[in-house]
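In this document, chain identifiers A, B, C and D correspond to the written order of the chains, with residue numbering beginning at 1 in each.
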Amino acid sequence: MSTAAAASPIRVLVWGENVHEQVEPHVAAIYPQGMHTTIAEAIAEKLGDRVVVTTTTLAELEHGLTEEVLADTDVLVWWGHAAHGDVADEVVEPVHQHMLSGLGLIVLHSGHWSKIFGKLMGTTCTLRWRSEQDRERVWTVNPTHPIARGVPNPIIIDAQEMYGEFFDIPAPDELIFISSFTGREVFRSGCTFRRGHGKIFFSPGDQDYPVYYHNDVRKVIANGVEWVVRDRVAREIPVLLRYETDDFFSGHGYTGPIESHDEVPADAPVA
Amino acid sequence: MSTAAAASPIRVLVWGENVHEQVEPHVAAIYPQGMHTTIAEAIAEKLGDRVVVTTTTLAELEHGLTEEVLADTDVLVWWGHAAHGDVADEVVEPVHQHMLSGLGLIVLHSGHWSKIFGKLMGTTCTLRWRSEQDRERVWTVNPTHPIARGVPNPIIIDAQEMYGEFFDIPAPDELIFISSFTGREVFRSGCTFRRGHGKIFFSPGDQDYPVYYHNDVRKVIANGVEWVVRDRVAREIPVLLRYETDDFFSGHGYTGPIESHDEVPADAPVA
Amino acid sequence: MSTAAAASPIRVLVWGENVHEQVEPHVAAIYPQGMHTTIAEAIAEKLGDRVVVTTTTLAELEHGLTEEVLADTDVLVWWGHAAHGDVADEVVEPVHQHMLSGLGLIVLHSGHWSKIFGKLMGTTCTLRWRSEQDRERVWTVNPTHPIARGVPNPIIIDAQEMYGEFFDIPAPDELIFISSFTGREVFRSGCTFRRGHGKIFFSPGDQDYPVYYHNDVRKVIANGVEWVVRDRVAREIPVLLRYETDDFFSGHGYTGPIESHDEVPADAPVA
Amino acid sequence: MSTAAAASPIRVLVWGENVHEQVEPHVAAIYPQGMHTTIAEAIAEKLGDRVVVTTTTLAELEHGLTEEVLADTDVLVWWGHAAHGDVADEVVEPVHQHMLSGLGLIVLHSGHWSKIFGKLMGTTCTLRWRSEQDRERVWTVNPTHPIARGVPNPIIIDAQEMYGEFFDIPAPDELIFISSFTGREVFRSGCTFRRGHGKIFFSPGDQDYPVYYHNDVRKVIANGVEWVVRDRVAREIPVLLRYETDDFFSGHGYTGPIESHDEVPADAPVA
């Protein structure tokens, strides 16, 4: 089983808003095919035949995140910035379900404010911000973590938007990078979270500056892809089950909290 | 300021579904005035004049959780079991906002599946379950934590519903209690989470058994009240603000991601 | 019991090396009575009659840390820098035992390299360093934590030695502050650890610069004193005990791993 | 570099005390070639040509842990129980240094009280104990963790020594397994810790019972081997270095805390 999983390439889908690139000429100049394409190319460059990478955008039907697409994706890389509100709740919900069932998720930088990240974190995900060409240093504070592999300490990004604390997220399960900026703000820029049966990596990145061409940023994202992918093959969401005493493996479907135990309440969970 | 906060009693609101007590005679027999009343009495007994405790129920207008009530509450204790789906989303949302702004939240046992807890955790919050009169031992694994103060190790609860792992929550910020049951299941039964500007304590408890009369369970809940209450007086939710270089204290309201910086997008955050 | 603990002032002992002040005139000029005195005064100023503060130094008999002194201390504040190696192992060991038994410990800045901190952390506790008059900003990343109460975000320290990552400590139980410096290094400057029955706070501070007169640094140290003090009155170290089935409260002294169970091996633990 | 690491087998050294097997006939009967041999065979069986496994024992010169051996080891698996005190401090120290430099460490069950584990944890590492043929259930509380891969939930171990909380260790970086026993004690039986540049896995296991023949226990240990091995090839311990402003990559050797900066104090760290 695990050998089979090792042999099959990781199926990565890079989701990009593709709004800035359409709306702002200076962004289109940096990313003529859209940021999602640059990010996808970075992952393919770093991981070669260990991955199969595709892209999709907000404008697609169901934002390109149909049930079939999600079921065939191992890692979803999410980039958004200007149009978080345009992502339909009806699309966010299945993405949430798939993530909790084992779909790996990488949220890039301004994706901090995406609906999917907010839903998973349960907090506002707000932060301090400035867009003035700060220089960013990304410091490794977890040197044994595979996501920190193969990059210098610090990573220096010459031109960058500033993100600063207090970054309203839950304390990360693992804190990998802390960034500083020219203005001396700090930011927990590389964080991992395990949720349900899936894994999340929140990563540095941006849109106004050519940061997705930065070799070390590309390496970090690629490391993130390898880390968030699940070992388990079958995708399943945690379910509430009832277990008899001494029978640990045959859970029964939950039939409700009321004593009669045979009516299925309207609010019984689907997954 | 902090002296003033120390002098003022903590305003505790115990929210109870009050459905089981109406519907099932054996529960009404144990809790004739409703579980919320028993829980409120427990907190008042343990904390005396350090608290002022009130109760409200699902059946009340806006489930008793109006903006005025929430603004005048320091700690909300949530118990629900049979009617989580009946809690209106329009009420859950302000509770969520208040919690992230500083309102302390205690979620008791079967409240694991409340909308508010699920929204804050971002996971399914499912678990294993059996209602067969297991005996529960609540073990302290964090002896320096104030929530573990003044109770034996283990706490023995003679009759209890079994909750078992895998409990689909994020890894708690602090794990205080692990419970075992007659059937040898285990459960992370005492957990703390910090979210935004507020604090959450997930606590042991139940409804079918007279557990809210148990002296040690009452003590734990009281300890929880003292722990989740915030030091800060003003309630405010984390907000995304823009900061000029070298000006760390005068954040500007966020006006949107697009370069023009003067339009307020439809999806700009309220809080 | 807990009321009695609340009424009794916290007994704080500030331990200072008192070497720099003797050896380097510019340090003596800033701290004429020694840093330990300034720190002690800060704690007394902030906490008033909630504390009784004393000081002692390296030069004292047993470095002032006799068994009687340790038994009568609730919080030990440790500052050292130039003479960590001069602290006798025979003194470090009882400090370690007392800390694990409930003595609260605050380690200030350059105390990162003290024997006691290294023994508790199990790591090298090394870091990056520069002494060039950097300006430090201490950012709060855990706004609900009592140690962060009553100080601005960020705290600005005009003249400071630079400490930077990778700070070789275990991931803190709670990360409260992250500092940045003029040179854009970052440092996890405010961390808590729970060890055994005691609590540790690693705190900002320094010696070359008048940082212990800084109002916000004084406030943080005072908050730390209140946080690390234990609720429990009796001081006891965790002990290995043998328990019969169903008897959870009468542990027997451990008599060794070999089956005969009646010989006490030479290496049986004292505590 | 990482491709080279993937190609080279992981060099695993299983260290066993080999005292029980000599002293107690019933243990020798279960493990005729010593527990270390059974454990080594388990790892080789599960990981095939991904590993090269050797063993050594307490009785060997320097306990088999010479500098050459440590330098050629990627993962050290430690089992001890009756003779922790017989492990020379002069051997523990280099093991500690290598571990912090990148050597992966797995500590099996009663190794909780080994000198190396105690040194790394900084706590007493005591716990509750009983040797009465309890049945153990090892529950997975971190289903996405690779160490939990390929084993049932729960793992059932029919005959086992009981270990119970309070297990005096630092809160693990990751909690993977919680065990329950017939007597209803609970124990955090699968924990990871990152220290310096190395990784540690504390694992279930025992000696009195044939637990190292248990397929799931063997699988967990094998998973642990793959998890604790470092990605980085060069072994180096964190070192305190001085950095000039804006020069992030050329650290200077630390020359001491006193202003003259050119004398190397006696207590300057070696590594």
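Convention: a contact is a pair of C-beta atoms (placed from the backbone, for glycine too) under 8 Å apart; a residue touches a chain by one contact, two chains touch by 3 or more.
Predicted model only: the values in this text are computed from it and were never measured.
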{"item": "Chains contacting each of chain C and chain D, listed by label", "value": "A, B"}
{"item": "Mutual neighbours - chains that touch chain A and chain C alike", "value": "B, D"}
{"item": "Chain B against chain A, contact positions shared by both copies (same if over half, else different)", "value": "same"}
{"item": "Inter-centroid spacing, chain D versus chain B (mean Cα positions, whole Å)", "value": "38"}
{"item": "Cα-centroid distance, chain A relative to chain B, in whole angstrom", "value": "28"}
{"item": "Chain A-chain D separation of Cα centroids, rounded to whole Å", "value": "32"}
{"item": "Contacts with 2+ other chains: residues of chain D", "value": "137, 142-143, 153, 164, 166, 171, 173-174, 182, 185, 194, 248"}
{"item": "Touching residues on chain D, where the partner in the complex is chain B", "value": "135, 137, 139-143, 153, 164-167, 171, 174-175, 178-182, 184-186, 188"}
{"item": "Parts of chain B lying in touch with chain A, wherever the complex brings them together", "value": "20, 23-24, 81-82, 84-86, 100, 110, 113, 119-124, 126-130, 132, 134, 162, 164, 166, 168, 170-171, 173, 182-183, 185, 193-196, 237-246, 248, 251, 254, 256-259, 265-267, 269, 271"}
{"item": "Chain C contact footprint on chain B (complex, rising order)", "value": "1-2, 137, 142-146, 149-150, 152-154, 156, 173-174, 194, 197-199, 230-232, 248-249"}
